[in-house]
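Take a look at the structures listed below.
Same chain, two partners: chain A is paired with chain B first, then with chain C.
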Partner chain A sequence: MDRALISRGVRRCSPRQFLLWLVPWAALAAFGAYSAGLCLVRGLNQTNMDNRFAFGLWIFLDLTVIALGAGAFFTGFLLYILKRHELKAVINSAVVIGFVCYSGAVVVLMVDVGQPLRAWFTFWHPNVHSMLTEVTFCITCYLTVLAIEYLPILLKNRKIRQVPSFLVFEFELHKVMYVLAGVGTFLSFFHQGSLGGLYGVLRGRPFAFREGFAIWPSTFFLFILSAAAAGPAFILLTTWLVSKISRKRLVKLEVMAELGRISGVLLIVYVLAKAVDTLVWINETAPATGFAAHQFYAWRPFGTWILFAEIVVFGLAPALVLLDEKKRQRTGWLVGAAVLVCSGIGLNRFVLTIQTLALPTLPFDAFLSYTPSWQEVGTFLAVIAYGVLVYSLSFRYLPLFPQERELAEVPRVSGD
Partner chain B sequence: MTMDTKRKRPARYGMVIDVDRCTGCGACMIACAVENNVPPAQPEATDRTGITWVRVYQIHNGASFPENRTAFVPVMCQQCGHQTPCVSVCPQQAVDVDRETGIVGQMPQRCLGCRYCMAACPYHARYFNWWDPVWPKGMERTLNPAVAPRMRGVVEKCNFCQGRLHAARERAAAAGRAEPKPGEYVPACVEACPTAAITFGDLADENSAAAEQARGGNTFRLLQKLGTEPKVYYRSSRPWVHQVAQQDFGRRKKEEIRG
Partner chain C sequence: MFPGIDGFEWTPGHLIFLGIFYTVVAVVFLTLALAAVRAWRSYRANRAEAIRWQADFHDLPARDRACRHALTGEMRERVCELGFDCRRCETHARLLEERPPAQAPAADTEAGGVRLPLDRLYHRGHTWVRPEKDGTVTVGLDELASRLMGTPDRVRLPKAGRRISVNGTGWRMWKHGSDVRVLSPVDGEVAATGGPEAGWYLKVKPAEGRLDARHLLRPDEAAPWMRRELERVQWTLGHSLADGGVMVQNLSEAVPAEAWDAVCAGVFLQV
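Moving on to the complex of A and B:
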C-alpha cells in the first residue's frame, strides 16, 4: 500500500525506517500538545510570562517562523509573476514550508491569547488602526491561500491522481495559481510588514519605536525586505537538509545558486536599509523620545554587540558571500550563508520582541529577565515537530521536487 | 426647581500626586482593590503576575547614610491624553478614551487577552488575569456590586473608578444636574490616602484644585517626552525626586530600585 502512494521514478526508505523517523517527532508533538493543552485549560499562568513580559517565546517563534515561511510567497511571486521558471524546482517544497510555518504560527497564537474563543471578535469589532488587526486579517487570508496552493500538490499524489475528477480539479487549480500567487504576494507583503509594524508603532517603547512613511513605521518595510531575503535562504537550507537526510539529489545546483543569489541581492538591500534606519533612530527618533540610543545597550547581555551581529555578522557577511558568483557554485558556502541569514532573522525578531520588553521605560523601573516555562518550550517544540511531520509525509508521498526523478537517472557530478 | 441638564464642555479628569506626602503605606492599593473587585492574589502569584491597579514604587536618592533619602511614587494608568499608546494597538477596540471625561477605559468583555496593550504601555500600568479570580469563602459578600469582576485571560487597569463616576452621575441626575459637582466624584485611592497626597479633579476646569496644583512649579509627569500627555501629575519640592523620576534609565543602578 505504502509503495503505491510514492511517486513513480523516485525512491524512498522502507516504511519501517520511515516510521522510526516519525516516532520521535510524533512523541515531541504529543508532548507539545499536552503543554499547549495545559495552557488552554488551566490558563496562561502555566507560562513564565508576566505583566512586564507580556509576550515571550511564542511571539518570538511566530515572528521568526512567519519570516522563514516567506519563501512560499516570494518564490510564488518570482515564479508566477516574474516568470523565473527555474524556481519551479522548489515551489512545491516552498508551499509546504509556508503552510507549515503559517499554520504552526496561527496555532501558537491561539494558545498565546487569553481568550482564544474570542478570536472572531477581531473580525467583528476590528480596530483598523491596529497593526494586529492587519496581521490577523492577512495571516488568516494567506493561510487559506496557502491551503488552496497546497491542494494541487496533494492531488498530485500517485493514488489520488487515479481518480479522474481529482485530476481535472488539479488541472483547473493550476489555472488559477497565478491569481493565488498574486493574492498571496499582496497579503504577505502586508502581514510581513504589519508584523514589523507591531513593534515599530509602539510610541511607549522607544527602543522599538520608529518613524516611517504615512501610517507605517520603518520596521514595516524592513520586515518585508528581511522576510523576502530569508525566505529563499530557508528554502535553500531545507532543500539541502532534506537532501542530506534522504541521501538524494533533489534539485540542480543552479537552482540552489539562484535561490542564494536572490537572497543575497535582497539581503544587501535590507542591510543598507537597516543601517540607514539605525542611524536615523540613533540620531533622531530615540533622542526625540527622551532617550539616548546608547542607554538601550547599557543592560547586559544586550550590549552593542547585538547590533553589530545583526547588521554585519548575520547581514553583510552572508550577503557578500551570496553575491559572489564563484562562492555560489559551492554548496558549503551557499548553505553556510543560508544558515547565517536564517539565524540573523531569528536574532532580529528576538531583539524586537524580547529585548524591547526587557528594557525598562520608567526611570525608576528595573531591567527584567524572563525564562520560558517548560509548557512554553513544549508548545514551541511541538510546532517544530508538527512541521517536520507534515513535511516528511509530504516529501514521501508527494512530488515536492520535480527534478528529483531526472537527477536520480544521471550520475552524480563532482561539486554538486 | 430648574433642571440644569445642559452638558458643559468635556471634562479632563486627572490627578496630582504629592510625592512628598506619600508615605508608601499602600492604603491606595488596598482601597483600589476593594473598590474594583480585584481578587486576592493566588498563592503562586509574584509581584510580576499579581494584579494591583496602583503600584507604589520606592525610589532613593542614591546617597549613603546619613544623606540617604527615600520617596514613594504611586503609579497607576496615567490616562494618556494624546496618541494614547494602548488605544490604537488593541485589535478589537476593547480600549477607548471617553471624550466626555478623558478617561481611558477597558472593556474586559471584549478583550481577547492578546496583551498587545500591555506591551504598548510605557508605564507598565496594565495587568493580565493570569488566573481565574477566586475570593475566599465569605469574602465574596464584600464584592462591590457596581463593578463587574474580570475573568481569566483578559487585561485590566485603573479607570479612575468609573463605577464611582456612574454613581455620582446618577446622584447628580437625581438632583437635576447634568454633571456631578467637584468633589462628588472621587476615586477610591484619593479617598483612602491618609495623608491626602492625591488631589483629583477636572484638569479642564481651571479653578479645580487639581488643575491649580498641576500648573504649579513643582510638578512633573512621567516620560513626558514621549508626548502621550498623561493626566497624572506628580509634585515634589525635593529636586532629587524630580531628577530620579525624570532621568534617563540607563544611568540608574538596579539596586536603587524597588517596586
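Moving on to the complex of A and C:
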C-alpha cells in the first residue's frame, strides 16, 4: 500500500505490522498529551514540584535527552568538518535522533515553564548574565539548525524527490551542510556547557557548586565532554536496537566500532577530568563552603556508591572496553559498553538535578524527597513515545542508513 | 530589554551576547537562503535531471559504481566517481590510447544466458544504442532488463522533438506497482518512439549530428559487465549459484514481490 514511499532497494515490514507497532506508542503519546494538557490548563499544581523542589523529572529528562542527542552535532562535526567519511553511514539517523531529542526537550520545557505563552519573554527580556538565557537561546537556535538538517533527509523520500524543485533544493541544501554542522557544533558546545554551568554556579548548593575557569565552572566543561562521549554511544545503541527490531543489517561493523572508539576516547578524557574535579571538590571546594564531602553522602539512598557507579561502573569500565580494539570487533561488548555510557549520562544528570535539590543546605533544612505525579510521568512517557513514533516513521520512509541496501545484498553462495 | 523599553541600557554583556546570537541567527538563515537561491537558479537552468543522476549516483553502493576497466580486469577495484560518464574521464582516455579496443568478436556474445548482439553499444543503465544508416540511433532495453520488465504495465515515452541527455530520464515504465526510470544512454533529440512490442523504445538524433559513444560499453566489455550484473541480481534475491547459472526467461514473474523493488533499483541504478 505504501510501497511507493519506501526507499528503493530496502525492505520494510507490511503496513499492517507497522501499524500494530505504532498503535501502543500513539496511545502512550495521547496519554502524555492529556497529562501535559492538564498541566497547561490547570497549572503546575498538577505536578509534585514546588518552590523548593523546582527541578524534577522533566529537567532530568531534558538534560538526559539533550546529552544523548549530542550525537547529532558531534557526528556532523566529525563528518563535515573533520571529514570522517565513514560516519556518513549514520549521519541521517544521528540527525533524526538529535531532532527528536531536542524537540522533545523543548516541548517538555514549554510545559515546565508553566506559562508557555510567555516563552518569548526570554528573548525580549534576557538576563545576559544567566546560564539559562544562554541555554534558551542556543537550544532554540540549534533546534532550528536541526530542523534545517532534517529537511534534506525528508526531501530524500522516494515520492518527494520525484518533484524536481524539491530534488534540486535538497541537493543544494546538502552542499551547504558543512556550514550548518559548524554552527551546530558552536551552539551545542555552549548550551551543553551552560547546562552544566547552571549547576556549577549554584553557590547556595554546595553539592553542585564548583570553581572553574573565568566565568565557567568545571561542570561547564564536564557537561560538554560527557555529552560528546555519550552522543556517539547513543547512536551506536539505537542503530543496534533498530537493527534488532527490524531484523536488518544497517551499518557495517567497522562503523559501529568507530563510533565506539570515538566514544571511548572522549569518555576516558571525561573520566579523568571528572576524577580530578571530584578530588578538587572533596579537598577544596566543599570544605570552603563549610561542608565535608562525606556529609553529602550521608542521606540514603544517595550514598558514596552513586559516586563510584558514576565514575567507575558507568565511566571507566565502558571506556576501557571501548578503547580495546579486539573488544570493539564484538557487537556484544560494543552494545554493552554503550548501554553503560548512556546509563551513566542519565545517572550523572539525575545526580545533579535530583540529589542537588534533595540535600539540605542549611541547619534547619530537611532532606527532601520527591516523587513525580502521574501527570509528570505521563508527559515524560509522551516524549519517549514521540521519539519512537518520529524515528519509526523516518526509518520506514526515509533513507536513514545508506549502507542498508548494500548490506541487504550480501551474497550467500549455494552450490546446488 | 531592547531600546524603547523602560530602563534599558546597553552593557558590554548585551553587546557580546546579542552580537554573537544574532550573528549565528544571520548565518543560519543566510545559509538557508543561499541554498534556496542556488536551487532556484539550477531549477530555472533545467539542471534537475543532471542533479538527479548526480545525487542518485552518489548514493549508489560502491560495488554498483565499479569502473568499466575494473569489470574487464584491466584495473583492480576501481570505483567510478564521474557518474559513468567516461567522456570526462582522463583514465579512460589514457587506457584507450595505451590499449586500443580489441577486434570485435566474430559473432554475438553471450553472458549467463543473456545475448549481447554485436551491432550495438551498451549503457550501464541496461539500455543499448544501435547507430542507424540515417544518422539516428535506436535505443532499447538490453535482454536482462527486457526479461525483468516483461511487458510493462505502463510506459511513458518522451514526445518526438524532446531533448534527452546522457543519464537523464530516457523514459518511464511501471510494472508490479513500481515505477522505473530508464536512464538515457545518449544526448540528443527524440525523433520517434517505439515500445516494448517494437523491440526498441526511442529513435534519437544525436546531439551535434554524431554519436559520442565513449561512455558506452562495447560488446566485448559488455560481457564481463553483464556477468557481474547477473551476480548482483542474484545477491539482491538473497542467494547465488556457485557456477553463476543461467537466467530464467520470464524473470518478471520469477522475482518475489518483496524483492521486486530492490531488483529494479539494482538493475536500473535507482535510489
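Please note the rule applied: the second predicted complex is superposed on the first by the 409 of 416 C-alpha atoms of A that agree within 3 Å, B and C clash if a C-alpha of one lies under 4 Å from a C-alpha of the other, contacts with A are read in each partner's own complex, and residues count from 1 in each chain.
In this text, a residue touches a chain if its C-beta (ideal position, glycine included) is under 8 Å from a C-beta of that chain, and two chains touch if they have at least 3 such contacts.
Being a predicted model, the structure only gives us computed values, none of them experimental.
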item: Contacts of A:A4 with chain B and chain C, given as first, second, both or neither; value: second
item: Partner chain(s) touched by A:P126 [first = chain B, second = chain C, both, neither]; value: both
item: Touching partner for A:R300 - first (chain B), second (chain C), both, neither; value: neither
item: Partner chain(s) touched by A:K83 [first = chain B, second = chain C, both, neither]; value: neither
item: Contacts of A:G290 with chain B and chain C, given as first, second, both or neither; value: first
item: Touched partner set for A:T144, first chain B, second chain C, both or neither; value: second
item: Chain B versus chain C as contact partner of A:G43, first or second or both or neither; value: first
item: Partner chain(s) touched by A:R247 [first = chain B, second = chain C, both, neither]; value: neither
item: Chain C-contacting residues of chain A that also contact chain B; value: 124-126, 129, 133
item: Residue numbers on chain A that touch chain C, as the complex places them; value: 3-4, 6-11, 124-126, 128-129, 133-134, 137, 141, 144-145, 148, 161, 164-165, 167-173, 175-176, 179-180, 183, 186-187, 399, 402-403, 405-406, 408-415
item: Interface residues, chain A side, partner chain B - complex; value: 43-45, 49-55, 112-115, 118-119, 121-122, 124-127, 129-133, 136, 198-199, 201-206, 288-292, 294-296, 298-299, 356-357, 359-368
item: Residue ranges of chain C touching chain A (in the complex, touch as defined); value: 1-2, 5, 11, 13-14, 16-18, 21, 24-25, 27-28, 31-32, 34-36, 38-39, 42-43, 47-49, 51-52, 54-55, 59, 61-63, 177-179, 231-232, 234-236, 238-243, 258-259, 261-262, 264-266, 270-271
item: Chain B residues within the chain A interface of the complex; value: 42, 44, 46, 48-49, 57, 59, 73, 75, 83, 85, 88-94, 110-116, 118-124, 126-132, 151-155, 222-228, 244-252, 254, 256-257, 259
